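Chain naming follows the written order as A, B, C and D, and within any one chain the residues start at number 1.
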Amino acid sequence: MPNAGPVKVGVYVCHCGLNIASKVDVSQMVAYAATLPGVSVAREYKFMCADPGQELIQQDIKDGLVDRVVVASCSPLMHEATFRRATSAGGISPFLFQMANIREDVAWVTDDRDAATEKAKALVGGAVRRVSEHESFERRYVPVHPEVLVVGGGIAGIHAALVMAEAGKHVYLVEKEATIGGHMARFDKTFPTLDCSACILTPKMSSVRANPNITLWTYSDVESVSGFSGDFVVRVRRRPRYVNEDLCTGCLSCIDACIYKRGRTDDPWNEGLSKRRPIYMAFPQATPSVVVVDPEACVDFRTHKCPRPCVDACERNAMDFDQKPRIEQIKVGAIILATGFHTFDARRIPAYGYDRYPGVYTSLEVERLLNASGPTNGELVMRDGSHPRRVAIVHCVGSRDANTNAYCSRVCCMYSLKLAHLVRERSGAEVTEFYIDLRTPGKGYEEFYEKIQKEGTRFVRGRVAQVTEEDGALVVHATDTILGKVRRVPVDMVILAVGMEPQPDAEDVRRLFNIGCGAEGFFTERHPKLAPVSTFTDGIFLAGACQGPKDIPDTVAQAGAAAAEVLAMVDRGSVEIEPATAFIDAAVCSGCRTCVGMCPFSAISFDAATNVATVNEVLCKGCGTCVAACPSGAAQQRLFTDAEIFAELEGLLYA
Amino acid sequence: MTDYMEYSPHVLNALRLGGDYEEALISRAIWACTSCYACTLYCPKKIPITDAIYTLKRAAMQAGVYPKHFVTPTLVREFAHFVHESGRNSEAWMSIRLYLKTRPSQLLRYGPLGLRLVLRGRMSLRRERIHRPDELRRVLDALEVNAGGRP
Amino acid sequence: MSYAYFPGCGSTGTGRPYEESLVAVFQALGSGLDAIDDWNCCGATAYPTIDPAQATALCARNFALAERAHPEAKQLDVVAPCAGCYRALLKAEKAMAEGGVLAERVSNALGTAGLSYDGRAQPRHPLDVLVNDIGLEAIAAATVRPLQGLRVACYYGCLLVRPYAPFDDPYEPTSMERLFRAMGAEPIDWPLRTRCCGGSCYCGGPIVGALPEATLDLSHTLLEDAKKRGADVVVTTCPLCQFNLEGFQSQMARTFGARLDVTVGFFSQLLGLALGIEDRKLGIQRMFRWKLPEQSPKDHLTKESKEKVVVDA
Amino acid sequence: MPDTAGLVKLPEEMAAALATDDTAKQPFAPTIVAFFCTWCTYTAADMAGLSRMAYSPAIRVVRLMCSGRLDPQFVVAAFRHGADGVLIGGCHPGDCHYQEGNYKALRRVALLRSLLGQLGIEPQRLRLEWISASEGEKVQRVCNEMAEQLRELGPLRLGSQGLQAEQVQNGHQEYLSIDTHDPVEATTP
C-alpha cells in the first residue's frame, strides 16, 4: 500500500562508545545521511541504546519531525527489539524502523577506517531506502499453553521442574534413564563443601515424586516436537520396563526371586565396575522406586522358558512381560532442555593407557568406588583387589587439548581436589595431582585448594605425556614446567580427570528442538551474557551442562533462571508471534497453488471457490519461501517484502 | 632430550610469549633439538614447536650467533655443501671432514669404530654423486633467496 | 607389483644390510623395488635448517623423477625405508599438496631444470606396504621359519610416526607388533618404542651428533629398558637408529658400567629370516653382534599355531 | 609447511625476503552483496564481528529470515545495480530453522547460475555457502576468498543489453517449472 505523502526518515548513528566511532567516521556518516532522499533528521549519539538515545528518537517522532526510523548501530539480533520499542513509544508502528548493523558488520571486521566509513554509508543508504517502503501493522499475540515440559531429570531438570511446580504450573519431566538423579546421584561428595551428594539430592528427587504438579516419565524419550512458542505439541515415547509403574512399590522381592543370583551384564550405573542382574533398580533411592527388566539380559526374552519366579514373588502383580512402548502426546507452552553431559572417553588418548592397564581409572569410576552405595561400598579397592598406596590424578584429560577438546571443562580441577581428599581419607594413599593450571574460580574454591595442599597432596605442574607400566608399577611421565625437568612418578593407580562433552545424541536433540549448537556441540544460548538460558527458538530454554560444562552450583542457578523465564512467559499469558509472516494479496493471486506445496508448515490453504490461496498467520513461521516462489507477486512477507528488499539493494549499491 | 637443553621446548615458547626472542636465538637448546617431533605431537595446543626451532636455527646461523663449540651448525653447512655439490651425502667423507673441522682428537677415538664398519662393508669410502648434479644445482640455486629465486 | 624405491644415502653405508634385506624380502613376497633413476639426498633434518624451500625441492626432484619414469601411473608409491628420508619426503609431499607460496616457488624451481611434480608420487614406508598392501595373512602364509616365542622389541623411533602418521597411531603404533605376531614372535610391551634414540638424525652422520653424551644416554636408556623387559632382539626402521643403538654398546659399557650386548637389527632382517631367506642375503654378516636364542619348535608351524596366527592377524 | 611465522620473530631482512609480494596496488575494489539467513549465517557474521575477525569491506550484508526467501530476482537486481558478486549464506543441510529452506535456495541457485551463464556472468560471481551460527571464522574465510577471486576477475561488465526485464522474467518462469520436491544432494556447489 503506498504511503500517503513523502516520508520523513530519522537517521540515528550510534558511536557505541569507541566500538564504532574508532573505526567509522561518524560525523561524516551523519552528514552523508542528511543528504539522502527522504531523510529529515540525522543525528549521532554516544550510546543510542541508552535512555537518552532512545528519547532522541521518541522526541523527534512526537515533534512530527520523523515518521520512519533508521538506527545505525549494532546487530539487529542485539537491539532491534529495543529500538522497535522506542519507535513505538514515540507513537508510530514499531515496524516503521530499520537497523543498519555498522558494528558487527563494519567496525569490528574492517581494518581500514576509510573503507569502514564507506561501507557504513552504504548500509545506511540501504536502510533509509528500505524503511521508506515499510508499512505499519500491529503486533500480534497468541495465548500461552500453561503446561511446561522439562527434558532431562538430572539436578538441572529436577530443580527447574520443582520451581515451576511450586509456582503452580503443571510440569512434564521426561528422563531417558529408569531413574532421575543424573550424574549427581552417582557422586559421593560435592566440592568444595564436601557435603554428601545423596543427602542433598535425594530429598529433591522425592519432592519430584510427591509433587502433584509434576508428571514424571522416566525411561522415556521425546519423539517429536511441533508447533511453536506458547503452543508446542510433543510426543513422548515411553519404553517398556516390563513392570507396571503404578503397581510396583519398590519392595525388590522380584529381584531376590530372580533365577540369576548374580549380575550378568556390566552395570552402567557403576561404570561397568560391577555386574547388574536382569531385573534391577539402579540404586536404593531410585525415583521412581520401580524396578526395570533388562530384556537383553533376562533369559525369558530369549527362551520363554523361565519359570518367572519374579512374577510369583510380586504380591502386587506388577510384573508385565507383555508391556509395549507407549506414546503420550502433550501440549505445552514452553520447554526447558536439561539433557546434561557425557564424560570424555579416555580411550581416545591411548598414551594414558586406559582400558590397557587395569590400574588406570576415570574419575567417574573412582566416584563410584568412593560412593558408599557403589560397587565396593565406598572402599578404594582396585580391579585386582589391591589397595593403592600411591595415586596419581591426571588433569585435563580431553580438555584444553587441541587434539580432543580445546575448551576447559571447568569442573575437573575442583573434583580432582575433592577426589584427592577422599582418596587420602579413605585409603591413606599418597596422592599426586598433575595439572596444567589449577582453575578454582568460585566461592570457597581457592580456599578448598589450599586446604587440600595443606593436607599433604602433592602437586606437579605439568601435563602428563604418557602413562607406562614398568616393573609392575604404573609410571606417570610429565615435564614439570616449574622445574623444567622431566618427572617419572611410579604409582599404583592413575585417575584420569576426564572432561565434559555434549551428550552423544546432542545433535539429534538439537534438530528435534530446532535450536543451535556451538562447534564443540553444546547447545547455543541466545546471548552469552544477556540471554544465557534462552535459545534462538522462542519458548525453548536451556539449563545445566547441555549448554556448556558447569558445576552443580552453576547448574542449579541456571535451572532456576530457566524456570523463572518460563514462569514469566506462562504468566504473561500470551506471546508475540513472529511479525515477519507471509500474506497473500487476494486481488493479485492467480490461484496457481505453487505456494501451497512450498510451505513446510502447511500454513497455506487454497480456497477453490475464490481461486486464491490464504496464509494462516498463526501457523506461518515467516521463512518467506512461498514469497520467493510466487510467480505473480501476490505472496509477500511482512518486513521482507520484495519492494523492501529491492529498495535496500538500490540503497546499498547506489550509495 | 630436554634434560640436555637449558630451555625445554615450553620455555622456548615462554621466551617467545614474553618477547625474549634473542635469548632463544643464542640458546644451546635449539641445537640440542634432534627434531624428533615429540613436543609437536604432545603439545595440547598444536604449536609447531619443532618447526619453530628450525626457524630459530636458521635465524641463528644467518645472524652468526650460534655457540661456537657446537658441531651442529658446521654439520648442517657441510651436509648442505655435500648435497649441493654431488646430490648425495657420503657418510664417511662427511664424518672425517667434520671431525677435522671441529674436534680432530675425536677422530682417533672413533677411528676403530669406523674401521669395523669398513670391514663389514658398511662404510663406503667412495664419494657418492648423482649423474646430473647440475640439474639439481639449478633447482636449488633457483630457490636462493638472494639469487632472484622469487616468483 | 613393483614399487618405486628411494634408497637414501645410508643405503650404501650403515644401512646396507637394511637395503639388502628389504630387497630380498620384497622379492620373496613377489614384489619388486625399482630405484628411482638418479635419486638425490632427501635433505634429512639438516637442510630444513638451511632453507625450507630448498629442502622441499630436494624431495620434490625425486618425486618428479619417479613420475617421469611412470607417466601412465595414476598414483605412484615411492618406498623409502629410512625413517628420516620417509619423514622428509612426507613433509615435502604435504607442503606441495598444500599449495601456497612455498609450493609455487619449488614448482618454478623444478621447472628451470625441466622437471615437474604433479602430486602422483607419494612416499610410503616399507612397513606400511608390508602390513597394509601385502598383508599379514600373506606374510604369515609365506613364513617358513616362524619366530616362535622370540621376544622382539619393536623400535619405531621418532620420525616414522612423527609428526605425520599416515598408517599408524602416532602415540601407540602397532604395525610392527602385528607383523611379528603374525610370524609367531612375541613382541614385548615397550612404552619407549617411539622415544628418540638421540641419533639427531643427520642421515649418514652418526658419530657426529651435537651432544654425544646425550645421545649415548638416550640410547642406553632404550636398550637397558628393552633388555629389562626381556627382549631377545631390538628391530628398527631407520639406519641411523640401528647404528646408534648397535655401534656404541661398548662405549655405553664404559660410561654406564654393565655390558648390555643387545642384538639390534633391521625389522626386515628378522622378517627375512622368518621367510627362510639365507643370512648372507639379509646382510646378517655385516652386523656387529647377532645372537638370537635357539627357537623351539625350530622348523615349521604346526597346523594349530598357523590358525592362531591368522586369527591374530 | 606449518605456519611458524607467528611463533618466532624473524630478523627483518629475512621476513622481508619471505614475505609474499602483495604490495602491488590493486585498483579494483569489488562490491559483493551477501544474502545471509538470520539464524545461521547472519549470526555467524555477528560472531565474526564479536571475535574481531577482519574481512574484506567488499561485503554488504542483506539479512533474510531464511535462504529460502531468496528470490532469484534479488540476485539479478543486485547485479543490475552494480554488484560484482553475490554471496548467499544459509544453514547447513538439515539445520534449516524452517526445515528445508536451504534446499530450496540450493535449487534456485543452481538454476540461476545457468541463467547467469547465458548472460555472460561468470559462475564465480554467485556463491552459495552453508555457514552455521558458530562458524564466524568461515564467514571471514569465504568473504575474503570471494573478494580476492572477484578482484582477480575484475568488475562485472554486462553486455550492452544488460539484464533485460524480459530475461529476468524468463529465468523466473524457468525456475518455477522445476519440481522443488525432488530430493537433492546436500552439497555446497
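The definition used in the following text is that contacts are C-beta pairs under 8 Å (C-beta built on N, C-alpha and C of every residue); 3 or more make two chains touch, one makes a residue touch a chain.
Everything numeric in this text was worked out from a predicted model, so none of it was measured.
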Pair exhibiting more inter-chain C-beta contacts, B-C or A-C: B-C
Per-chain CA centroid nearest to the all-protein CA mean: A
Cα-centroid distance, chain B relative to chain C, in whole angstrom: 21
Centre-of-Cα separation between chain D and chain C, whole angstrom: 48
Touching two or more other chains - residue numbers and ranges from chain B: 3, 54, 58, 145, 150-151
Contacts with two or more other chains, residues of chain D listed in rising order: 1
For chain A, residues contacting two or more additional chains: none
Residue ranges of chain C touching chain B (in the complex, touch as defined): 9-10, 12-14, 16-17, 38-41, 43-54, 57-58, 61, 101, 104-106, 108-110, 112-115, 157-159, 162-163, 170-171, 194-196, 198-211, 213-214, 217-218, 247-248, 285-288
Touch list for chain A against partner chain C, complex: 349-351, 466, 468-471
Chain B residues touching chain C - in the complex, by the definition given at the top: 1, 3-4, 31-32, 34-38, 40-41, 50, 54, 57-58, 61, 70-72, 75-77, 79-80, 82-83, 87-92, 94-95, 98-99, 110, 113-114, 116-117, 120-124, 126, 128, 130-132, 135-136, 138-140, 142-143, 145, 149-151
Touch list for chain D against partner chain A, complex: 29, 31, 33, 38-40, 42-43, 45-46, 48-50, 52-55, 57, 59-66, 68-74, 77-78, 81-83, 94-95, 97-101, 104, 108, 132-135, 140, 172-173, 176, 180-181
Residues on chain C engaged by chain A in the complex (per definition of touch): 169, 171-172, 189, 191-192, 225, 228
